[in-house]
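Shared chain: subunit A. Partners: subunit B in the first complex, subunit C in the second.
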Partner chain A sequence: MKKNVYNGLYLVIAILLVLPFVLPNSFYLDLAVRMAINAVIVLGLNLLIGFAGQISLGHAGFLGIGAYASAVLPTHFGWHPLLAMGAGAVATGILAALVARPIFKLKGNYLAMATLGLGIIISIALRNEAQWTGGPDGMPVPAMGLFGFELTSDKQWYWVVALLLSVSVWASLNLIDSPFGRALRALHGSEVASQVVGVDVVRYKVAIFVLSAVFASLMGSVTAHYVGFVSPNFADFFHSIELVTMVVIGGMASVYGSLVGAVLLTALPQALATFEGWETVVFGAILMGCMIFLPKGLVPTLAAKFGKGE
Partner chain B sequence: MLAQFLQFLFSGVTVGATYALAALGFTLIYNASNVINFAQGEFIMLGGMLAVLFTQAGLPLPVALMLAIIVPAIVGVLIEKLAIEPVKGAETVTLIIITIGASLVIRGLVAVFLGKNTHSLPPFSGDAPIEILGATLLPQSLWVLGVTALVVVALWYFFNRTLQGKAMLATSVNRLAAELVGINTGWVLFMSFAMSAALGALGGILLTPITMTSYDVGIMLGLKGFVAAVLGGLGNGLGAVVGGLLVGILEAMGAGYISSAYKDAIPFVLILFILFFMPRGLFGGKSTDRV
Partner chain C sequence: MSLLEVKDLSIHFGGVKAVQNVSFNIDSGIVYSVIGPNGAGKTTLFNLITGVYKPTTGEIRLDGEAIHGKSPNELARRGVARTFQNLQICMNMSAIENVMVGAHLRLDRNLVKAALRFPSLKQRDRTLRDEAAQLMDFVGLAQYVETRADAMSYGALKRLEIARALAMKPRLIFLDEPAAGLNPKETIEVDHLVRKIADSGITVVLVEHDMKMVMNLSDRILVLDYGKKLAEGSGEEIRKNPDVIAAYLGAHA
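So, the complex of A and B:
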């Protein structure tokens, strides 16, 4: 078991190394960068949803905080982008920790409601505070740089997010196998049983919620700098749903499922652009179809079919 | 002062009645199947949009409105048959995504076939406002409130005085036990989707002359209906009605006295506070989980 845990990781790294040399043009490179960014977010979200069994319908709100921290602080206050990114992550962490305690007394649908509400409040605030955020039109984000070197080309960004993704996969794999990860999986199975054997259920749920929120905030900052622009749509309810869908379609509680889900759902809108006007219908139908026929998600279903666990 | 307060109260109660109908829809489906139907808001939108379509097609108002209730009810049943029944017992997240998928399909189809424009219906009985203590009340508001009150009474009668209603209640308490005493729980599921879609559509039709409608109004209305249902204690019919009115009134008061820009945020701030301090909503009983 222990021996082949990292095989998938090596494969991911190999693909990431080869990819930029086989992609035909910058359109695909851009798509690859977006996929990798989403994959990191989904990895964090999957730790919360898949492994710990807690729903969050408001994660785009945390992405939004990170993205807008990277846009607002350097633009209006002249902060260094890295400092702004850190401030966004800290703010997100504090907010998540503050709301997490009362939220995680809730279960299932009540938890869904609370996280959904939180996300919507954040997105409405970003839309309304126009003097800082540019309101519904959004605002440009200054470039990310360090020691006079600026990250500008897609190629440079590709290597940055490829590194981030590899580290995230490695960290997730280790986290799941750590005592922390085992506690999470235990409380997913049965909260009462894990309490009985001494797992502080609320503390672990709060910890993983904060962790995944900070992940989201950091990647929100990365996206903002990469795209060079933020708009409130980035933080809205529909984006939260997209992220949850990536988790579920790829496969809950599956590290590689997160990657597959992120890749497929990032590519889907591009593929659907050919269905002029019908995108929403087709997207909805695909969501339903996947959930009805592959309720466990792609990777776990295929893994079970070919008799190989992850 | 008083006039202003009354004005906010009237508009709050009117919108609140629609939230109450949506919340009742959430409650019906939740009780029958434990599913939170995120497509509930789309039934509200469908009701309004179809009423516009059928009246513009020249059908007499009563016929157009009946059709605008029946078609969404059929859509509700289709969702249940095609998407909910095949995945019995799936995880909460899976069910949430299925209903969200359904809502996207409905919204997308309406955008394709009925367009993305905003539409309105003429008020059912004129638009001469009624003056009460300096505040004005639209006749359409009376329609909204009157019909909602009628629906609530009818539902009360249905669930407390008829065999079918009691069968639905029994199923929500304990599905297996209900099956054992011969209740057709498949039929109950069918009925609850049809009824909840019809309720949502009715709310949408009644509200359209006041607030207008378009293909994308369902999202916010549905989410606020969900807030109302949770506020009243998920699964509690009376709670849903009270929750709906409360959300409507507080939203109108907040928009009037605090900030109209944050109007849409008010229900969500409210629900977070309620859940923090009363995790089962206002009327939710204490529950114990079987281990």
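So, the complex of A and C:
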């Protein structure tokens, strides 16, 4: 955890700065924005899964709460989008904190089941409250604006998410190498050992669960405004699985792995579109290959191979 | 008043009475050993006192304050440290980070300050790293400072656990078989290390099978057998106690 972990951050910033000038058209710019949004969510989720060693199979639910807060509150109640985004994040934080205490008395499979159930409940609620949410058809989202300036073009959004991503990477790196972060990693390594040195493990698990849920909610709001439309698919179980897959493929407990996982798995369905109808099969085969040959995830495996280490 | 007072302590797991009505006092500043055949309840006793298990009946007092039923992290706050018989090292961290975790309660654990990389936190972490390196030197692991925990030998990890416990700056330290699985040379090193810890003013409670080490180090010894207190006294008294000899040799003295 010593030498030059921040070098990767400079590289990320450099890539983010250059990217819009080398991308050939708006299709790629759109893809880059989606990658960056996913990367922020996956960073938060990796803090929970990779670093603290807990699982959440319901994170898309939190993303859904943020997205729908940004859709429903401005549309039906005339709230300012930023206020709506904040309200979504606060609501997510409170919900996550309330359910986390009983949930984190569970371990392993039971924890996975509980978070899975939570995500599905949120998804069902969004689908059924049709008078507010438009039901399965979803609903449009008004544009995000500030001081009369409206964020509309892909390019503007790109710079916003690029900034969010850079800050998130920086904050994650800071967090991991701090007393808080060491306590998180310690309770992953040995729960009983962390307890006897004074770590209140349930409190730390709850804290990181809430933090990663709020990350997801905020980025759900960003996605909603960016796409201009929300649908219950945002909060889908499959979306939760996709996010967990990004963490695992990129590399558990690896900040840069989160980025790589998000980028690859956002791009892969596009790249595989040529397989027409077989893309899911190829997608699955690639995932299986990764798990068999790179069980620790891309970045940690490659880092170990080239002796750099994160 | 003794530092630690244990009175009529019992724990039952279903029908198994792992510890039954055990009472003893530990004075401040001594080395107190708990011995007994395998399955006598030594580790269970440690787990009771350090809060990993909750006693069925009985009481435990630290400096007069009742601590039975308190969780391990609450006990850590009161200066109780321990090591484990079966290693509990965080293999996902480096050796020195394992030691730094030991100082958890002495640090600013604020999440927001950490995420924003507050200079005060970074400064504290730097001094902590030096402290931790010194502790590793103290337990004889100076050459492992930058090593990953999962790349270290069993004997080194045993001592890493001790360094982590010392990083808490405890008043009372429980060492659960610190010499188990070590070769004779390493055992002597641990023997010296325990002496150094005791000399630094920390009260040591030791569970150990190596009798030479126990007799060498202990000011007082408690003998457990089948969860019950068999004897308590100085090394000399224990050595001569017919009940203890019977328990260990299986003779009907």
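FYI, the second predicted complex is superposed on the first by the 307 of 310 C-alpha atoms of A that agree within 3 Å, B and C clash if a C-alpha of one lies under 4 Å from a C-alpha of the other, contacts with A are read in each partner's own complex, and residues count from 1 in each chain.
Heads up, the rule we're going with is that a contact is a pair of C-beta atoms (placed from the backbone, for glycine too) under 8 Å apart; a residue touches a chain by one contact, two chains touch by 3 or more.
The model shown is predicted, which means the values in this text are computed figures rather than measured ones.
J.: Using the touch definition from the top, say if A:295 reaches subunit B (first), subunit C (second), both or neither.
T.: In the superposition, A:295 touches subunit B alone.
J.: Tell me the contact category for A:207 with respect to subunit B and subunit C: first, second, both or neither.
T.: It touches subunit C, and subunit B stays clear.
J.: Once the shared chain is lined up, is A:178 touching subunit B (first), subunit C (second), both, or neither of them?
T.: second
J.: In the superposed arrangement, does A:192 touch subunit B (first), subunit C (second), both or neither?
T.: It touches subunit B and subunit C both.
J.: Report for A:284: first if it touches subunit B alone, second if subunit C alone, otherwise both or neither.
T.: first
J.: With both structures fitted on chain A, tell me whether subunit B or subunit C touches more of subunit A's residues.
T.: B
J.: Touch check for A:253: first (subunit B), second (subunit C), both, or neither?
T.: In the superposed model, A:253 contacts subunit C only, not subunit B.
J.: Touching A:229, do we find subunit B (first), subunit C (second), both, or neither?
T.: neither
J.: Between subunit B (first) and subunit C (second), which, if any, makes contact with A:124: first, second, both or neither?
T.: First partner only.
J.: Looking at subunit A, which of its residues have contacts with both subunit B and subunit C?
T.: Subunit A residues touching both partners: 190, 192-193.
J.: Report the residues of subunit A in contact with subunit C in the complex, numbered from low to high.
T.: 1-2, 170-172, 174-175, 177-183, 185-186, 188-190, 192-201, 207, 211, 253
J.: Considering the complex alone, what residue numbers of subunit A touch subunit B?
T.: 49, 55, 57, 99, 102-103, 105-106, 108-110, 112-114, 116-118, 120-121, 124-125, 128, 190, 192-193, 237, 241, 244-245, 247-248, 252, 277-288, 291-292, 295
J.: Using the touch definition up top, name the residues of subunit B that touch subunit A in the complex.
T.: That would be residues 30, 36, 83, 86-87, 90-94, 96-98, 100-109, 111-112, 219, 223, 226-227, 230, 234, 261-262, 264-265, 268-269, 271-272, 275-276, 279-280, 289, 291 of subunit B.
J.: Which subunit C residues qualify as touching subunit A in the complex?
T.: 50-52, 71-73, 75-77, 81-82, 84, 88-94, 97-98, 100-102, 104-105, 107-111, 113-117, 121, 125, 146, 161, 164-165, 167-168
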